[in-house]
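Note that the chains are named A, B, C, D, E and F in the order they appear, and that numbering of residues resets to 1 at the start of each chain.
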Amino acid sequence: MSDELNSKRPPVANKWQLERIVGELRDARRAWRSSTGRSQEPGGRELPSRAAIGLIVESLSGALFPMRLGPHDLRQESEDFYVGHTLDAALNNLLAQVRLELRHAARQRAGAPEAGQDIHERAQSIVRDFAEALPGLRRLLDSDVLAAYQGDPAARSVDEVLLCYPGILAVIHHRLAHHLYNAGLPLVARMISELAHSATGIDIHPGAHIGESFFIDHGTGVVIGETAIIGDRVRIYQAVTLGAKRFESDDSGQLLKGQLRHPIVENDVVIYAGATILGRITIGEGSTIGGNVWLTRSVPKGSNVTQASIQNQVGNVG
Amino acid sequence: MSDELNSKRPPVANKWQLERIVGELRDARRAWRSSTGRSQEPGGRELPSRAAIGLIVESLSGALFPMRLGPHDLRQESEDFYVGHTLDAALNNLLAQVRLELRHAARQRAGAPEAGQDIHERAQSIVRDFAEALPGLRRLLDSDVLAAYQGDPAARSVDEVLLCYPGILAVIHHRLAHHLYNAGLPLVARMISELAHSATGIDIHPGAHIGESFFIDHGTGVVIGETAIIGDRVRIYQAVTLGAKRFESDDSGQLLKGQLRHPIVENDVVIYAGATILGRITIGEGSTIGGNVWLTRSVPKGSNVTQASIQNQVGNVG
Amino acid sequence: MSDELNSKRPPVANKWQLERIVGELRDARRAWRSSTGRSQEPGGRELPSRAAIGLIVESLSGALFPMRLGPHDLRQESEDFYVGHTLDAALNNLLAQVRLELRHAARQRAGAPEAGQDIHERAQSIVRDFAEALPGLRRLLDSDVLAAYQGDPAARSVDEVLLCYPGILAVIHHRLAHHLYNAGLPLVARMISELAHSATGIDIHPGAHIGESFFIDHGTGVVIGETAIIGDRVRIYQAVTLGAKRFESDDSGQLLKGQLRHPIVENDVVIYAGATILGRITIGEGSTIGGNVWLTRSVPKGSNVTQASIQNQVGNVG
Amino acid sequence: MSDELNSKRPPVANKWQLERIVGELRDARRAWRSSTGRSQEPGGRELPSRAAIGLIVESLSGALFPMRLGPHDLRQESEDFYVGHTLDAALNNLLAQVRLELRHAARQRAGAPEAGQDIHERAQSIVRDFAEALPGLRRLLDSDVLAAYQGDPAARSVDEVLLCYPGILAVIHHRLAHHLYNAGLPLVARMISELAHSATGIDIHPGAHIGESFFIDHGTGVVIGETAIIGDRVRIYQAVTLGAKRFESDDSGQLLKGQLRHPIVENDVVIYAGATILGRITIGEGSTIGGNVWLTRSVPKGSNVTQASIQNQVGNVG
Amino acid sequence: MSDELNSKRPPVANKWQLERIVGELRDARRAWRSSTGRSQEPGGRELPSRAAIGLIVESLSGALFPMRLGPHDLRQESEDFYVGHTLDAALNNLLAQVRLELRHAARQRAGAPEAGQDIHERAQSIVRDFAEALPGLRRLLDSDVLAAYQGDPAARSVDEVLLCYPGILAVIHHRLAHHLYNAGLPLVARMISELAHSATGIDIHPGAHIGESFFIDHGTGVVIGETAIIGDRVRIYQAVTLGAKRFESDDSGQLLKGQLRHPIVENDVVIYAGATILGRITIGEGSTIGGNVWLTRSVPKGSNVTQASIQNQVGNVG
Amino acid sequence: MSDELNSKRPPVANKWQLERIVGELRDARRAWRSSTGRSQEPGGRELPSRAAIGLIVESLSGALFPMRLGPHDLRQESEDFYVGHTLDAALNNLLAQVRLELRHAARQRAGAPEAGQDIHERAQSIVRDFAEALPGLRRLLDSDVLAAYQGDPAARSVDEVLLCYPGILAVIHHRLAHHLYNAGLPLVARMISELAHSATGIDIHPGAHIGESFFIDHGTGVVIGETAIIGDRVRIYQAVTLGAKRFESDDSGQLLKGQLRHPIVENDVVIYAGATILGRITIGEGSTIGGNVWLTRSVPKGSNVTQASIQNQVGNVG
C-alpha cells in the first residue's frame, strides 16, 4: 500500500479513513512499547489466555465433583471414566498455559535466552504436582461445603450449596489458584481468581492462605488481600475487607512489592458483613467481628468486637 | 483395568499418573458420600441444571417483554406467535427441571419410594399454575419499570430502564423465582436468584416477598434475606442489606432453619446506599433510611433516619 | 384461530392453556402500551441490541490492544491487517446500532416524521468521529494501565494489569461509552457501561468525565454518577460512591433530570474503600479520603480525611 | 503503509511476506475486475448469502412439516404458534435476500441507477406471493411423500420417508426454489438447489417444472435440466439424466442461453437407474424407460424402452 | 385470537398475512393427517432425531477408533478413560432414541396401548446387546481398513484410509446401522445410513449383509439394496448398483414389501465402476465384473464378465 | 480399578457393562496395533485434523475471493486488511498441520529419530512457497470461473458460477490440494480433496495435473485419478471417470504404488456425462467424447467419439 499505489487507485468510498486510523493506532502502540522498554515481540503474544483458563477450571470442577458439576447425564458407572478423561484433557491444556507463563516470565527477566527444554520440564513438573494435589483439594472443598450448609439457616441441602452458592464457586477457584500461585504462576493464578471475582463479586487474591471449612455467605464485595492468612472454620459475610492499611514505599517513592500487609485471622473467627480489617494485625481465635466494624488493631482470642464496643473502648474510630 | 492387565501393559509414558489420581479422587468421593449418608445414586444425578434454568429464564423474559427482550427482529404482527411458541418450549423445559427437583426432594426424604406418577402430576400442576401467573407478573414488572423510570433522574426512557438497568434484571428474576419458591421448588428458585446475583451483584433470596413498583438503583452489594417482606413503592440503593441479626440455634447448637429473621419494610420507604437493616424489625410506612445507617430496631411510620440521628438518639451505635 | 374453528377442533391435550395465557399477556402489553402512550410500532423494535454492542466492544478492545486483547495467535507481522479488518467490521456494526438509537430517539420526540437520510448521515458522522478518537483513547488507556501497575503493590507486570484487572476492563468500557454519550447516544453508551458493571461490579455512568491515569482497585461496588468530574491521576478503591446527595424535583414532584449533582474530584486524589462522597462538592487536589468516610461537604486541596477526623471536626456525621 | 513508513520500520520477523502477497492478490483482483468490466463496488458485496439461504430453507421446512421437520419437542398445542413465529422470521430473512438479488440484478443491467424504493416493493410483493403459495406447496409435497411410500418396497412408513429419504429433501428444496425462480430470482433459487445437490447428489435445476406425486429413489447422480417438464406421478431412480443433447450457439460461437433443450416427461412415466434422456424430446404417458438406456428420440405413450429394445429397433445406439 | 378480538385490533401493518397463511397450513396438515389416518398426536412427536443420531454415531466412531477418530489431543494414557466416558454417553443417548422408535412403532401398530415399562426394558436390552457387539465390529472394521489399504495403489498408509476414505466412513456407518436394523430398529438404522449417504454418495441399505474385508473405492453413486448379501473380501467401485430387477405386487397392485430381491455376491468378487447387477442372482466366488456391465443373471464361480463378453454370449443386452 | 477394589465396591447398577466392553475394545486395538507393527504412540496422535483443514480452506477461499467468498459485510475499503489478516491466520494454522504430517511421515519411515528443528524449517518453507503461489492460483481460478460461465447456457453471471457451482468449489479445493501434494503433503492434500468430494460428489485425486480454464458441470460422480493429466480449456460433465484400467502387481501379488495409470486429456477436449476413460491413454487435442462412452484406447487429435462410433469402428465394446 505504498503512496504510489494509493495515488493510482480509483477514488473509492473511504468511509472510515481506515488507513489513517490504523496508522495512528500503530504509532500509539509503538510509543507505548518503546516507553515501557518492550521488545517488538516478533514471535507473537505467548501469554496465557483467559478463555483457555476458564475452560480448564470448568473441567477441573467437573473432575472434582463429577456428579454435581460434571455433565448433567453422568452416572456412577462411568464416573471414573469421565474423571480420567476430563482430567487428562484439562491437565494437558493447563500444561500449555503454564508453559506460556513460564516463557513470558523468562522473557521479562532481562531478556535472558529461553532454555525451552528447561521450561518444558518445569511446566510438566508443576502440573504433575498440581494433579497430585487434587484429591487433597477435593477433601478441603468438602469441608467448605459442609461449613456452608451448617453455617446458613437458609441452606436446605449440601446440593443447594454446591450448585448455587457463590461463596463455594469462589472457594473452588481460590483453592486451585492458590496452589498454582505457590508453584510460581502468579498470572495464571490471578486469571482464575478474576474469573471467580467477575462471577461472584468475591475478590480473593490467589496469594491468600485459607484453612479448611471456610464459608463466605452472599459474598458480593468481599476483598481478601495477597498476604492474608485465614485459619480453619472461619466464616465471613458480604463486603468484608481483609486489606492493607498502607503501602510501604522505597526511598524513591516506588511502592514496595511483596510486604506482609494483610490480616491474620485465626481459627473459628466470624466476621459479619461490611467489616473492614486492615493491616498485618491478628484476629484472635474464636473472635466475632460485628457488621461494619472498622478495625486496624489486633484483638485477642475470643474477642467480640462491635461498632459500639470500638467507640466505647478507644474513644474514637480508627 | 485389573492388576493383572496392568502388569502386562507395555510401559507407556505415564505423564500424569492418571490411574492413581483418579483412584484417589474416587476415594475422596466415597469418603464424602458415606460421611454425609448419601446413597450411591446408581441412577444418575437427576438434579436441576443451572444452564437449563438460565435458558428457561431467558425465554420467559422474551415471552413477557417480546418487543424489548425477545428476538431483535420481532414485529408486532407475529408477537403472539412468538410468545406462544416460546412459552410452550420454556414451560416444557421448566416441567423437566421441576420434576428433577421434586424427585430429588422425594429421595432426600428418607429414601421413600418414588411415586413417579404423583411427581409427574404435581410438577405439571405447578407449571400450569406458574403459566397462569405470568400475565399478573408482567403487570407487576410494568409497575417496577415505571418506578425505575420515575425514581432515577438519569433514566431517559422506559426502554433504557428495561434494556440497561441491572435492578430490573434482578426483579424479573426474583418475581419468577419467588413464585416457584412458594410452589415448593427452593432449588430451582435459588438457581434463578443466583443467575441474577452473578449478573448484577444483587442478591435477593427467592423467599423474600416484594410488593409492586419496586426499584433498586445501581444495586451492587444489595442483600435481601429469605423472610424479608417489602411493601409497595419501595426504593433501595446499592449495598443495602436487609439481613438477619443473629441466628437461632437449637439445644445441640444446630442452627434453626425457617425462623422469621429479616426486616419488614412497609410501603413507600426509601433506603439509601449502604444502609444495613437487621432482624425482624419494621420500617414504618413512608420512612427514609439514610446512607450507611446501621439499624436493628423498628422505626415508626414517616421516620427519617440518618447516621447522625441514630447517634444522637441512642447514644451509641447498635 | 377464531372461536368457530376452536369449537370444531378435536379435543387435544391442552397442556398449558396456551391460547388463554397468550391472550392475557397480549392484554397486559396493550394496557402498558396505551398507559405509556406508546405507538403500536408496527415496524418492529428498532432498538440497539445489548448482544451486538457486546461484540462491538470486544472487537474494539482487540483493535486497541491487538497483542493483548486480540486473537491469541496474532503476530506483529499482521497486526495492522488485523486492526484494519476488525475496526472496519466493528465500525460498520456500530453504525447500525447508532442508526437504531437515532431513529428511536426521533420517534420518541413527538412522533416527528423520520428523515431517514438525515439520520443516516448523522450516524455516519458520529461513527467517523468516534473512529478518529480511537488513537487518543488508546493513549489515555495506556496511562491508566501504567497507573494501575504503579498503584498496586500486588501487580507484577503491565500484562497482568491489562489481562486481569477488572478496573482496567471498566475503564476501557467507560472511555468508549463516554465518547458515545457525548455524541448523543445515551442508550448505546449505557449498554456499554452496564456490560462492564455486570462483569466487574463497577458502575460508572457514561456521562462521568474522567481524566488520565485513572485507577480503580478491586472495584466491586464502586458507583460513579452521571455528572461526576474526576481529574488526572486519581485512584479509588472498592465500594467507593461518588453519588448525588438528593434529587431535585419540580413543582409537580417530578424528579428534575440533568442537574449537576455529583462530586468533582481534582487531580491526584486517593479515595479508600467504602468512602461515600455525595453531592456537587469538590475534593481538592492531592487529598486523601479514608476508608468508609461519609462526606457531603467540599474539602480543600491536600486534605486528609478519615472517619476520626470527620467526627472530631464536625461533631456529628453527615 | 507508505514506502516511507516501511523504511522506518524495525526489521520484524517477516514470516509470510504478507504485504507482498496481499499486494499481488490485490493486483489479481483488479485485473479480473477490469477484464470483466466490473465496477469497483465501493458499497460492499450485496449478494445473497448461501448460509442465510440455508437457514431460511430449514425454517421453511419446519413451518411446512412442523411435527416432523420442526423442533423435536414441539407439541400439537403450540404447532400454530411455532409455524407463525418461524414463518415470520423466515419471510423477513428471505425478504432481505430477495432485495440483495434484485439490487444486484439492477446493477448488472448496464449500471442503471437503482430505484431503491421500487426494489423494496417488488421484493415485498415477491415474498408475499411466496408466502401465499406455501399451503399449496405443502399439499404438493404431501403427494410426493405418499408417492415415495407407495413406490418403494423398502419404505416402512411415511415418517421414514419424510425423515430419511434424500429424494424428499431434494423435492422440498426444488418446490421452494422453483417458485422463486419463476418469480425472477434465479440466484436465490440456484442456491437452494445446490444446497440439496450437495446434501443428496440430486441436481435439479430450479427452472425444471415438476408435477405432483414425484418420487426419486436413491437419487445420487440424478440431473434434471433447466427447461425439463415432468408430469404427475413420475418415478425416477439414481443417476438418471434429463439433459440437453447439444447447446445452440449464435453466429459468433457464443452459447445461446434460454433455449428449450431438455426432455418432456409425461404423466405416469418410470425411468430406471442410469438412463440418459437428452434433448427436447417427449416421453409419452405411462412409458417405462429401462436402466442405463440412452435415449435421444421421443417415444410414444405406453412405450417400454430397454437397452435391448433400442439396439434392436434402431440398429445402433444414439 | 377470536374473530371478535381481531375486529377490535388496531390496523397494524399486516406484512405477510400471517394468520391466514398459518390457518391454511393448518388446514393442509389436517387434511393430510385425516387422509393418512394419523392420530392427532397430542403428546408430541416422539420420533428419533437425525441430529441426535448424528452425534451418537460420531461418538461411537471415536470410541471405536480413539486415536484416529477421537479428539485430536487424546493420548494413550487416557484412551480407556475417553472410551468409557464417551461410550456411556453415546449409549445413554442411543437408548433414548431407541425408546422413541419402539414407542412410535407401538403406536403405529393399531394404536395398541403402550406398555411403557416393556418398551423401556426392550430398549435397554437392545442397547446392551449393541454395546457388547462393538468390539467385534471394531475387528470387522479393521479388516475393512486393511482391505482398502491393500486394494488401492494410491493409498499411502492405513491412517490415510481411516481419515480420508469415504468408503470407510460408509462402512463404519453401515456396520453400526446393520446391527440396529437386525435388532428391530429400521428407522434409527436408516437415519445412520442416510448420514453416510449424504456425506459420501454411497447408499447402503442397513438391511444389506456384508462380510469382512469389504472395500468401496471412490464410492459416489454406489447403491446396495435391502436384501443384498455380500461375502468376504469383496471390492467394489463407484456407481455400482446391487439392485432389484422388478418389484412384486399383490393382487391389488400394491408393492409387496420384504421380498428377497437383491443380488448375492460371494467371497472375493471384484465389481468395477458403473456395473449394474439386478435381481436375486448370485455372483459366484472370485468373479470379476467389468465396468458398466449390466447383469441380471447369475454367473458361476470365477467368472470374468465384461461388456464385450456379455454381448458375445447372450446376443443382446438384457 | 484393580480386582480387589472392584470386589469391595457396592453393587451399583451396571447398566452397560462398561468396564468389560472398554477392556475388549482395548484388546481389539492392541491386536490391530501389533498386527500392523504400530508403535504404542505414547505421545499422542499428531496427525492432521480434517476439521482444522476445513477451516483453513474456508479462510483461503475468502482470501482468494474476498468480495464473494469472504464475510458478507466486507467492503472494498478494508479488503486488503481482511485478506492480510485472514491469510496470516490461515497460514499459521496450515503450518501446524503441515508439521503434523511431516512428523507423522518421519515416524512412519522406520521410526527414525525426529529432527524437530529440520521439520519445522521444512514446514515453514513449504507454507511460504504455498503463500507465494496463491496469486497465481487466483489467476488460474479466474480462468476456471470464466470457462464455467461461457460453457453453461444456464449460467447467468460469473457471480452465480462462483457462489453456486459445485464444479468451482471442487476446482478451488483441487488447486490448493495439488500444490500441497506436490510439496510432499499427500495426507493434508487428500483431506482437502475429500472435503470437496463430500460436498460435491466430485472426486479429484490431489495428484492429478489440471490446466487452466477447466470446467466440470453438475459433477456428481466425476472421478479423476492420481496420475491423470488434463490440458487447458477442458470441459467435463457428471459421472465422467478418468480412471485406471488395471493395477500392476509385484511378484508377490502386492499392488505397485505410483505407476502412471490414468489418462492424458489434451487441450480443448470435451467429455460428456458418464463417459469412462481408463488407462494411460491419450485423448487428442480438441476431441469430443460422447456420453456414456467406454474408452480404453488413445484417440487422435480432433476425434469425435460416440457410443455408436465405437461399436461401428471396433465391432465390439471395450
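The criterion applied here is as follows: a residue touches a chain if its C-beta (ideal position, glycine included) is under 8 Å from a C-beta of that chain, and two chains touch if they have at least 3 such contacts.
Labels paired with UniProt names: A, B, C, D, E, F = serine O-acetyltransferase.
Every value quoted in this text rests on a predicted model; they were computed, and no experiment measured them.
Between chain C and chain D, the least number of touching-chain steps is 1.
Comparing the chain pairs C-F and A-F, the larger number of C-beta pairs in contact belongs to C-F. Ranking all chains by how far their C-alpha centres lie from the centre of chain E, first place goes to C.
Where the sister copies chain A and chain E meet, the same residue numbers recur on both sides for over half of the interface positions.
Separation between the centroids of chain B and chain C, computed from CA atoms only, is 25 Å.
Note: centroid distance chain C to chain E, computed from Cα atoms, is 56 Å. The set of chain F residues that touch two or more partner chains comprises 1, 12-13, 15-16, 18-19, 22, 40, 42-43, 73, 75-78, 80-81, 83-84, 87-88, 201, 220-221, 239, 274, 292. On chain A, the positions that touch chain B within their shared complex are 63-64, 66-68, 72-77, 79-80, 83-84, 87-88, 91, 124, 127-128, 131-132, 134-135, 138-139, 142, 146, 150-160, 163-166, 199-201, 218, 220-221, 238-239, 273-274, 291-292, 306-308, 311-312. Touching chain D in their complex are the following residues of chain E: 15-19, 21-22, 24-29, 31-32, 36, 40-45, 47-52, 104, 108, 186-187, 190-191, 193-194, 197-198, 201, 203, 205, 207, 220-221, 223, 225-226, 239, 241, 243-244, 247-248, 254-259, 261, 274, 276, 278, 292, 294, 316-318. Within the complex, the chain F residues that touch chain A are 1, 12-16, 18, 22, 75-78, 80-81. The touching residues of chain C, when paired with chain F in their complex, are 71, 73, 75, 77-78, 80-89, 92.
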